[in-house]
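In what follows, a structure is listed as structure tokens, so that the remarks can point back to it.
Per-chain residue numbering starts at 1, and chain names A, B, C and D are given in the order in which the chains are listed.
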Amino acid sequence: MAKPKVAFFDFTCCEGCQLTVLSLGDKLLDLFESVEVVNFREASSYKGQDYDIAFVEGSIASSKDIERIKEIRKRAKVLVALGACAHTAGVNAIRNFHNQQEIRKMVYGDKAWVFDSILAQPIDAIVRVDYYIPECPIDKEEFLRFVSQLLNNMKPFLPDYPVCVECKMKGNVCNYHKPNPIICLGPVTRGGCGAICPSAGNACEGCRGLIPDANLEAMEWLLNEYGVSAEDKFRFYRMYNGLMGMKK
Amino acid sequence: MDQAESRRGGRLEKYLVAKTSFLKLVDEQIKEGKEVVAPVRQENQANFRRIKSTAEILWGGPQTVVSAKSFVFPPKEELLNYETNDEVRVQPRVEAKPLILLGVHSCDINGMALLDKVFTEKNLDENYVKKRENLTVIGVECLEPCSPESFCYRKDSVLPWDGFDLFLTDLGKNFFVEVGSAKGESFLSGLGKKATQADVDRVKKIRRERDAKFDEKQRKLKPKLSDLPVLLKENYNSPVWAERGARCFGCGSCNMVCPTCYCFDVRDCVELDLKHGIRARWWDGCMLTDFTRIATGEIFREDRGARLRHRTYRKDYYLFEKWGKSFCTGCGRCGKACLTKVVDPLDIANEIYERSRSR
Amino acid sequence: MTIYKPEVAVIKRVEKLTVTESLFDLELLSGKPLGHRPGQFLELSIFGVGEAPISISSAPSDSPTFQLCVRKIGNVTTAMHARKPGDKVGIRGPFGNGFDLENFKGWDVLLIGAGLGLAPLRSLIWAVLNSRQDYGRVFIIHGARSPQLLLFKEELREWENRPDVEFYSTVDVADESWQGHVGVISTIIPEVDFDPEKTQAVIVGPPVVYKFLIKELKNRGVEDDHIWVDLERKMKCGVGKCGHCQINNVYVCQDGPVFRYDRIKNLPEAI
Amino acid sequence: MTGKDLNIYVHHVTRVEGHGNILVDVKNGELKEVKLEIIESPRFFEAMLVGRRFPEAVHIASRICGICSISHTAASIKAIEDALDIKPTWQTETLRKILMEAEILDSHALHSFFLAVPDFFGLPSVIPMASTNPDVVKTAINFKKLAHEICDVMVGRHTHPISMVVDGFTNLVTEEQMAELLKKIKAALKNDVPKMLEFFSRIKFPDFERKANYTCLVNPEMYPFYDGMIKSSEAGVYRHRDYRQKIVERVVDHSTAKHAFGPVKPYMVGALARFNTNYKQLMPGAQEAAKMLGLEAPSYNPYHITLAQVVEIVHCLESMSRLIEQLLSRGIRDERVERPPLAGWSARLPPAKKSWGVGVVEAPRGLLIHEYRINGNGTIDAANCIIPTAQNLANIEADMRELVPQILDRSKEEITQLLEMLVRSYDPCISCSAHLLKVDFVE
């Protein structure tokens, strides 16, 4: 069987997901063994335009981006959104809630209209996405599992359960039970990260997006119960889930 | 505890052991390289952790975040590994090593006693049984309620029914030690002296006082414990399920922390070479959406309220009826873990009871 | 040996039945016969992909060969479809209760297979036909969504032509080639000339059909304790531990998948 | 060579972080235009920080860059601590220094081995080297693995650290874990460093010199990444809070990243700037390494940035060992800090004495500055971030302007290659440079 041809592309983002791939350690060599990487600008000068699987990280944030992602979709048999920016627009979407004219002026002053910029959007706002690997940044183990399952002609496993499941497995004290409780989006956020943030003493900020049947009414009830102001709530939702309620 | 005695066909030995010498015995075992796990403080709560000294043990603390079941039925457990070249080689994996579990509360001992039933019934689950056999369970009696959520007294679970090797009761300078097995007896290695009738009477008195205290402090269970299966059975269509379901995250936290939830998912993980891999099981939970989804996409228990009902019924109806024991030991973990306060089995039973009486 | 270790089996033959279904002949590497009852199932392992419960489609026999009819729908079944004769897979089982033929001996039997339900039912059909003298009248009723999706076409013809079988079939949507009954399977029941008093009825099909078929049978006067159903649920272990297949207080993998209707009609989650 | 026309346009320079184009226009032997176009979509990070409470701001700031997220986190934390007058403990600062050096190790290993080296083998990427030079690739992977393990253990993960927060850590590494890391660092020094030095000492770098203005942190106590005064060849030594007088940013049409001048001329930041300025403070093994590589301070060859990175890899391994040893000799105390609580948390803030703060660190690619104005309830009112790559852009163009006439006699392919290698040697991190904000702070 011929090795599948794989390409990596980046749009607006920190490129931390591609870097995570480059940081797979020994498994990176296994990856190079099992697929043919034909386009990986960050790591390679070879710009192959013939590929089966396209991993795309980053958000769509300019009109040029729209053209480029459409071209990639046309060529790719399988298109995978890599990481939060591609999946939910990630932190990039924070700016969607600011006045666009104002922030452009703030940044570029009188040259505000020189640069091409549109609202930050996830990849699937423009083209069809076959699979998602969520999280900011992606998890190495999940990426490897994803690739091996894809190579094995499987529909890759993506948990539908929330972060709480793995947080409990880890035996963490719930963020809402600490002497000074902190907002945690664990109950509505898709698991699979191993509850990495709560396990490191932080809160789940929702970077993996919502579970398919997230109970947002219950979340409202909970945050009200803890006296969280509406402003705090929205700020927190809008770390990664600016499109919450519309996009899961 | 009486049940354990009668099942073993005779009285169990009881000893009086100086606390210092008991703890010294454990510390020596640790020095010899034995793995000892006990509850220790974790932030404002507790958790089971491998200890280096008995000084780390949190006696009489709140219930651990995760129950002791994780030592016999871990969150992730490899069941087999395989290699598929020209030949298929499948190697079952049963991992078990000796472990001393010290300071276990009755709710968790009883939880394991119940899991013993289900994992040995008909198709014996070797992965569970081997771990269980390697475990030395040293329980400790709770003399104060451990948390506002717990209701072990209401579930006849303040003392272990079965499933321990030693059970300690704090008598100040001494432990009153009840032996539950030959393994427990040999662990003691002749420490202490046989308990006298006076010692036994003293413990009886302590337990009477403790019962009174628990009765006063723990939340009441309004229906009779033995009536729960019938009460639930008659209230299948109670509005309670939908009302509570509306506020349920379906997050599965209650399943994860429960000492008697034992559902699991099985998945394969294959290496990039597609030739080597493992099959493992992970904790799963009936409160999770995916739990009943089949390949064609149908979900058989889609409604959160129905899932909540199923969980409650498993504890206090289906398995209660089947085994003659409630599968809720009143540890209170689920009630604590449930952030929107919908899952607590005692609350649910009381609410249903009240509503059915006012009908 | 643990209950989770599959035995290796070899694929002997693959027959494509429809676009999505194929029939696999398998043999255990040990050469032993499977020793199953009709209605029992296996956990089929494709190593690296996972396990899935699959009903056994062949009749019980002393031969080492047994058959699975697999629809390509999930990861395991898709992977199974990519396998060729000579490839090795894993199996655990047979699991479940299956049909007890003693319950049907001396009775007329009405065997209803809807869609892929014909796969497990085929095992029972051949078991009945192999000792035809033990039973009264034998009715076989099969329905598919379209003529293209009919399974075991040759056998359907064989049954249709047998004088000792009363055969009915229907499709939901017909094409030019189809001469027979058109309509969902429950619409055919009123046309079948059987004596409800003397009949044991068996229904095997996807979850949606049970409610309608049972209603039709009851309309005809079949008693609840003469109706048998074969239910499908998510299963992970097959041995009564993992909890996924539970319907109220029964485990489909242990107490079923075959149930006498009167015993589950009060289980709200069953049908 | 008079009369030559040359038109070079490299679309999306590869093996760099982010999107940039090289544009060279020579007419009649005369250099008309040299540009490094930065075409990354603007990211508006400073605007995104506005309205955020500081614990969230740290995590958002980290997302500016996937490779130097620890530096961004550190700079963000330091700006906040500066504004709120929080003085972290010795232990916290020591742990941060270790983390910064771990990040340098990872980033330099990535750049020098994976991104820069293929040029010298005429290869498009490191991928074919996995079979042609497996030892070299393995060495790089070992460094990266080690750096990641250090970060995983200490702050949850390498890219976008989790438990590194204002005033400390939400989760603390244990002494056992640190001792384990120390063993691995020492093993890397013993096994992997000699292989790396042997490999790089055989590589021939292009000859080109242009003396730049070298700008970096200076600190009498150590070769600084985490803390120090700023020193620039043009502006001298100054305090971090004075950076606005010494660094001037300008918007240029062809770049979504602003260009920086210090204050008048272009300047260089990064490994070579640090090496040239702080050579004497390198750990002994690193100085030894420089000698082996034939790298002398000062070096005016920008292609030597890669070599300076190799030297810094050695330095960081040695320095981390020393820091961990110091930490272990004092013992690690449980100084965990909590994330500020759900509600009513502004009451728990320390009284703010200053309304604004500046945090400066040495990221792998050079000087990184975060400046925030914070209001009374701990919310960011205004933010400014100056990214190393943005500071280097004007200098890269100045280098190109000087280089092109020197090599005009070569083939277009060769010229293109040398220009790409030049840009690449700066290890530009374009995506994080493209989100600038000119903020006028009203004090």
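Here, contacts are C-beta pairs under 8 Å (C-beta built on N, C-alpha and C of every residue); 3 or more make two chains touch, one makes a residue touch a chain.
Chain by chain, the UniProt names read as follows: B = 4Fe-4S ferredoxin-type domain-containing protein; C = Oxidoreductase; D = Hydrogenase/sulfur reductase subunit alpha.
These figures come from a predicted structure and were not determined experimentally.
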Mutual neighbours - chains that touch subunit A and subunit B alike: C
Innermost chain, taking as reference the mean of every protein Cα atom displayed: A
By number of C-beta contact pairs, the top two chains: A-D
Farthest chain relative to subunit C (Oxidoreductase) (centres taken as mean CA coordinates): D
Whole-Å gap separating subunit A and subunit C (Oxidoreductase), where each centre is the average of the chain's CA atoms: 43
Between subunit B and subunit C (Oxidoreductase), centroid-to-centroid distance (C-alpha), Å: 39
Chain centre separation (subunit A, subunit D; CA means) in Å: 24
Computed distance of Cα centres, subunit D from subunit B, in Å: 51
Residues of subunit D touching at least two other chains: none
Residue list for subunit C (Oxidoreductase), restricted to those that touch at least two other chains: 48-49, 74
Interface hub residues of subunit B, defined as touching at least two other chains: 267, 270, 274
Interchain contacts (touch definition) - all pairs: A-B, A-C, A-D, B-C
Touching residues (chain side subunit A, partner subunit C (Oxidoreductase)) in the complex: 152-155
Sites on subunit B touched by subunit C (Oxidoreductase) in the complex: 79-80, 82, 84, 87-88, 90, 92, 94, 118-119, 121-127, 236, 262-268, 270, 274-275, 277, 279, 281, 284, 286, 291-296, 298, 300-301, 306, 310, 313-314, 317-318, 321-322
Subunit A-touching residues of subunit C (Oxidoreductase), taken from the complex the two chains share: 48-49, 74-75, 78-79, 82
Subunit B-facing residues of subunit C (Oxidoreductase), complex: 1-6, 8, 45, 47-52, 73-74, 77, 88, 90, 206-207, 232-234, 236-237, 239-244, 246-249, 254, 268-269
Contacting residues of subunit A [partner subunit D, same complex]: 10-20, 22-23, 25-26, 28-29, 32, 37, 40-47, 61-62, 64-65, 90-92, 94-95, 98, 103-104, 106-109, 111, 114-117, 136-137, 178, 180-183, 196-197, 199-203, 205, 223, 226-229, 232, 235-236, 239
